[in-house]
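What follows is a pair of complexes built around subunit A, which joins subunit B in one and subunit C in the other.
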Partner chain A sequence: MSWELFADPSLFRLAVAMAVPLVLASAGEVLMERGGILNVAVEGMVTLGAAAAFLAGFATGSTWVGFTAAAAAGVLVASVLAHYAVVWRQEQVTVGLTLYVLCLGLASLLYRVVVGVRLSPPRVETLQPVSLPVLSQVPVLGEVLFRQHALVYLSAAVVAAAHVLLFRTALGLRLRSVGENPVAADTVGVDVFRLRRAAAAAGGALVGLAGASLPFTLTGTFTEGIAGGRGWIALMLVIFGRWTPAGAAGGALLFAYVEALQFKLAMTSRAVPPQFLQMLPYLFAVAVLVRAYRGAQAPGALGKPYHREARA
Partner chain B sequence: MRRVMWLLLVSVAVAAGLPSGAAPARPRMAMILPGVIQDADFNAVGYQALKEVQATTGVQTAHSEQVAVADAERVAREYLSAGYSIVAFHGGQYLTIVQKLAPLFPDATFIMESSGQIPNLPANVWNIGRKFYEGFYVLGVLGALATRSNKVGYIAGIRLPDFVASLNAVFQAVAKYNPRAEVLYTFVGDQNDPVKARQAAESQIAAGVDFIVISVNLGTVGVIEAARAARRPVLLTTFYTDKSSYAPQHFTASLLSNFGKPYVEVVRQILAGRRSGYYEMRPGAGFGLTPPKNVPPEVSRRVQEVWRAVVLRQERIEEVTDRIVERR
Partner chain C sequence: MTTGAAPRGGWQAAWPYAGALAIALAVLAGLVAALGGNASEALAGVFRAAFGTGAGLGQTLNKTTPLLLGSLAVVLGLRAGVFNIGVDGQIYAGAVAATGAAFLLADVPRAVALPGVLLAGLAGGAAWGLLPGLLRARMGVNEIFVTVMLNFVALFLVEYLSTGPWNDPTAGEAITRAIPPQATLPWLFARAGAHAGVLLALAAAGGVWLLLYRTVFGYELRATGDNPSAALVGGVPVARVVAVALVASGALAGLAGAVEVSGFHYRLILGLSPGYGMMAILIAVLSRRHPLLAVPAALGFAALLVGTDSLQRSVGLPASAVFVVQAALLLVLLAVEGVRRAR
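Moving on, here comes the complex of A and B:
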């Protein structure tokens, strides 16, 4: 086995494309968790986003309607979670797990109702690669980064925007203060409830878009279990990235690289059992998480309901 | 006397109107499926077979989808206790469940699927043996003759005996019909994950493969997307159903499965009182091949000749289910 295998440009190109759903979902989760809302329904929301995107795109023939439907589905589910967490001050993990199951069932039901039983799978057009002028001609990097579909570029922009918003703007400071110490934020006039709901909605939209990226960039159709655990991985990436969009995106690229590598290794090395290679991305995730969790500091009020009248 | 005659007449009329408890009731049949019937693939053709059984034999039918092996016994017991006398398991993974339940429910008849004859099955079990590998051999011949890069890909999901045998058949076909070509294969670990299937296909295409024999179910759509995104032409084959309309410029041939034929025949035999037996699905008996497209006419003609030879058992194909035998 040659070491060149690990530096194969086609491997990096595949990893960048495959990282998109992880990047979007983890960026959405960072926004929510920075505001103090722990959303464990990500996997279900990604699945529901994929179903909503596919069905809307299939029914109308429009990719953009599909993306809008996915974002709307994400906002809806996140708003339900935020309402339970912010207004009714319910246990967020319990509500999140309930929503996770609800989303999986709803995605399946919607698909059955709209599509029914077919011998030929319905499909939507997938986004084709767009070569960026000049940049796509750069050796190796051009192929890896600048001959990708539009959602790759959009994901990079989303990560940059979320990072700047959180760490370079007054709004980001207020959001972080709401997630760290809502009592202190409230005393200086920050509307904790409104900001938490807004962060949840924005995060939910990104998680929904992560779902939409699966049928619109990778498969052209919806299948049950299409999320394939990517929502759970996104939750892990938030910790890996220490609650920063850029850090989570870096983790997403690493995970996608290891995921793509398993298929390269499977073709070249017959000595390693395929079952072990299939475990590789998840072993990597566990190993990295153990390492990354050391010293990681979650937002102080993450998962805790804020009650203005409560006594300390 | 007139009153007695009148009473007799009324009694006969009432008796005729009542549901007859003595007359044999039409059996009811349940099918247990491993996936969703919307998969446009293995489960959809199983469901279609069940509907065909209902339409042609009049047997009342029901089905359960997404039944994992661990749940199959419970689901089957529920049907049996509800009075279903025929329980069919669509998929080769339920063998141990059938072997356990059949002796416990001697009045019921079970239908199972496998890769071939299984010795010592209980006396109330019908076995449908599916010789996929013979069909995949022909797809391997097509790959061997159509590849220009001399690299044929094979993408499967789970390492089941059926798929191992099919891969070995592709190896045999390529070794015989194009010894210069090599076979690159990947087991992605899931028959229905199109994302993983796409990743595997992209890796194979990047390694030079220009012909992929698809042996996944819903994962097929991921392979199709990889072929569509490739910079050079990549040809594909699929099985169970014809998916060529998905990517007409990429598909060559489809190995079609008609489970309706064996299921209808087996249920007819059960209704006639024969409660065990073996039905073999193979090329010409439940498996069909669509005429190859997107390949030169001589390749298409040669492949159809090989298909006919396989149907007539004139082509020697070794069935190896327990290990992968790479041939160069």
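Moving on, here comes the complex of A and C:
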């Protein structure tokens, strides 16, 4: 095995493409957590988004309808979670885990109802790479960054937009204050409840889109285990990135690199059984997590319901 | 989830459960109708399949075993204030260890082999709970992530063993060779096909109850879960309690894996746990984190599982539909509780 494998431009190109679902899902989760809502249903929502996207795309033949369906599914589930968390003040991890199980069940149920039982699984067309003019001609970087499918560019735009929204606008400041100290935010007239629900809906749409990216860019099909832990990893990336969209995206690239490397190694190396290579990203995630927890400071009111009439 | 809600006794406490069950069954009927089946016939079929025949009852008891052990694992964690989402991985880890022990103990009598297999299952699950326990105790790493990641590691380990070194070459699929007969669990009701695992699970429920409510460690564990800072001030070694709770939680799940191997499949297979760990979380919440209330909840979920299995054959309801029904049941219950609180 040659060490050039680890720095191969095609490996970086694959890693950038594989980072898309992680970037979108973690950006969505950052928005929700900044507002104070902890959503542990991400893995389920990614799976449901993948199913909704695949089925809508399969039924209509339109990629756009697929993406819309996935985003809608994400908004719906996140809004249910937000209602339980904000209005009913239920424990968010409990509700989130229940929704996680519900989403997993719904995803394969919907698939079965729409597709039925077939000998060979139906496929949707995956997105083709779009070369950006001029930029794609830059040596190495052009191939890695600018000959990608449209979702890669969209993800970059989402991260930039989420960053500006959170840290450069009044709305972002209000959202962060709602997640940090809802009593103070309420005192100065910020609508804590509405802002939390809005952040949940926006985040849910992004998590749904993350799911849609799986069938439309990586697999072309839907299977029950399609999310493969990416939702959970997105949740960890939020901590890794210190609750910033850009930090989480950086972690996503790092993680996607290990994932892509595992693919390449499985193709070239026969010495190690493939299952042990497949374990690598998950063990890597645990190792990264240990590092990420050092000094991590979550939003002050994360996971805590806001009760106006309760004494502090 | 129990905080804030006024304690209610007797029938007043029971009606949300009855309502939630009714709505869950309505969801199930709706699913059957969506697949073109006859809803009322299907619901009757669910009850017949789960309770109506000796064999059905046997299957219900067999499914109760991993569900009860798994939910006890979750309950133990929740009482210490930690979420063990890795029950599935721990079930697989226990199953791997139990299968390995069964192969090693091929030449010894049952009186040695069977306890050896079960102990190996406990140890395998405990080993899977050790890493999240240590990371949580020493570095404050959230156990949810570590337990979930280890689920995937365990799955790939089982895939490797069942297709590789332990593979049964005559089977042509991802299953291992059968374990020797003296490593198998005896029957409880042979004609119904119910193995004795359910007795182990019931004993475990009693054991967890004793541990929680009749030992010093159980007191410290509950204190840690209820208010860790107060417990720490009161002299409870909070970090150690949490680590031990996660290891013990893993051991319970590992025992479930050993029972599945030695009582039901007689080998290690991929798909040994059809999401028992996820159902275990729902059961633990449903039973209000109480080890004895987990018994009826696990039995009910097992009946749903067996019943929907029969619908899989008759109307083609996919296996995953049971998740929808079970999660819907819990969501309704949480909503009822929430509405009461918001009022």
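One rule holds in what follows: the second predicted complex is superposed on the first by the 300 of 312 C-alpha atoms of A that agree within 3 Å, B and C clash if a C-alpha of one lies under 4 Å from a C-alpha of the other, contacts with A are read in each partner's own complex, and residues count from 1 in each chain.
Everything below uses one rule, namely that contacts are C-beta pairs under 8 Å (C-beta built on N, C-alpha and C of every residue); 3 or more make two chains touch, one makes a residue touch a chain.
None of these values were measured; they are calculated from a predicted model.
Peer 1: Subunit A superposed: clash or fit between subunit B and subunit C?
Peer 2: The answer is clash.
Peer 1: Determine, under the contact definition given at the top, whether A:L135 touches first (subunit B), second (subunit C), both, or neither.
Peer 2: So A:L135 meets neither subunit B nor subunit C here.
Peer 1: Using the touch definition from the top, say if A:A161 reaches subunit B (first), subunit C (second), both or neither.
Peer 2: neither
Peer 1: According to the stated criteria, A:Y282 is in contact with first (subunit B), second (subunit C), both, or neither; which is it?
Peer 2: second
Peer 1: Of the partners subunit B and subunit C, which touch A:T221 in the superposed model: first, second, both, neither?
Peer 2: Only subunit B is touched by A:T221; subunit C is not.
Peer 1: Scan A:W88 for contacts with subunit B and subunit C and give back first, second, both or neither.
Peer 2: second
Peer 1: Scan A:L109 for contacts with subunit B and subunit C and give back first, second, both or neither.
Peer 2: second
Peer 1: By the touch definition at the top of the document, which applies to A:P121: first (subunit B), second (subunit C), both, or neither?
Peer 2: first
Peer 1: Touching A:T98 in the superposition: subunit B (first), subunit C (second), both, neither?
Peer 2: second
Peer 1: Once the two structures are superposed, pull the subunit A residues common to the subunit B and subunit C interfaces.
Peer 2: Touching subunit B and subunit C on subunit A: residues 108, 112, 117, 224, 228, 275, 278.
Peer 1: Taking the complex as given, what residues does subunit A use to touch subunit C?
Peer 2: 40, 43, 80, 84, 87-91, 93-95, 97-102, 104-109, 112-113, 117, 224, 228-229, 232, 235-236, 239, 273, 275-276, 278-279, 282-283, 285-286, 289-290, 293-294
Peer 1: Considering only the defined contacts, which subunit B positions touch subunit A in the complex?
Peer 2: 36-41, 44-45, 47-48, 66, 159, 184-189, 192-196, 198-200, 202-204, 206-207, 218, 221-222, 224-225, 228-229, 241-243, 245-246, 326
Peer 1: Note which residues of subunit A are touching subunit B in the complex, please.
Peer 2: 8, 10-11, 14, 18, 108, 111-112, 115-121, 123, 126, 128-129, 214, 218-221, 223-226, 228, 259-260, 263-264, 266-267, 270, 274-275, 278
Peer 1: Enumerate the contact residues on subunit C facing subunit A in the complex.
Peer 2: 1, 3-4, 31, 34-35, 83, 85, 131, 135, 139-142, 144-146, 148-150, 152-153, 156-157, 159-160, 164, 275, 278-279, 281-282, 285, 316, 318, 320-328, 330-331, 334-335, 337-339, 341-342
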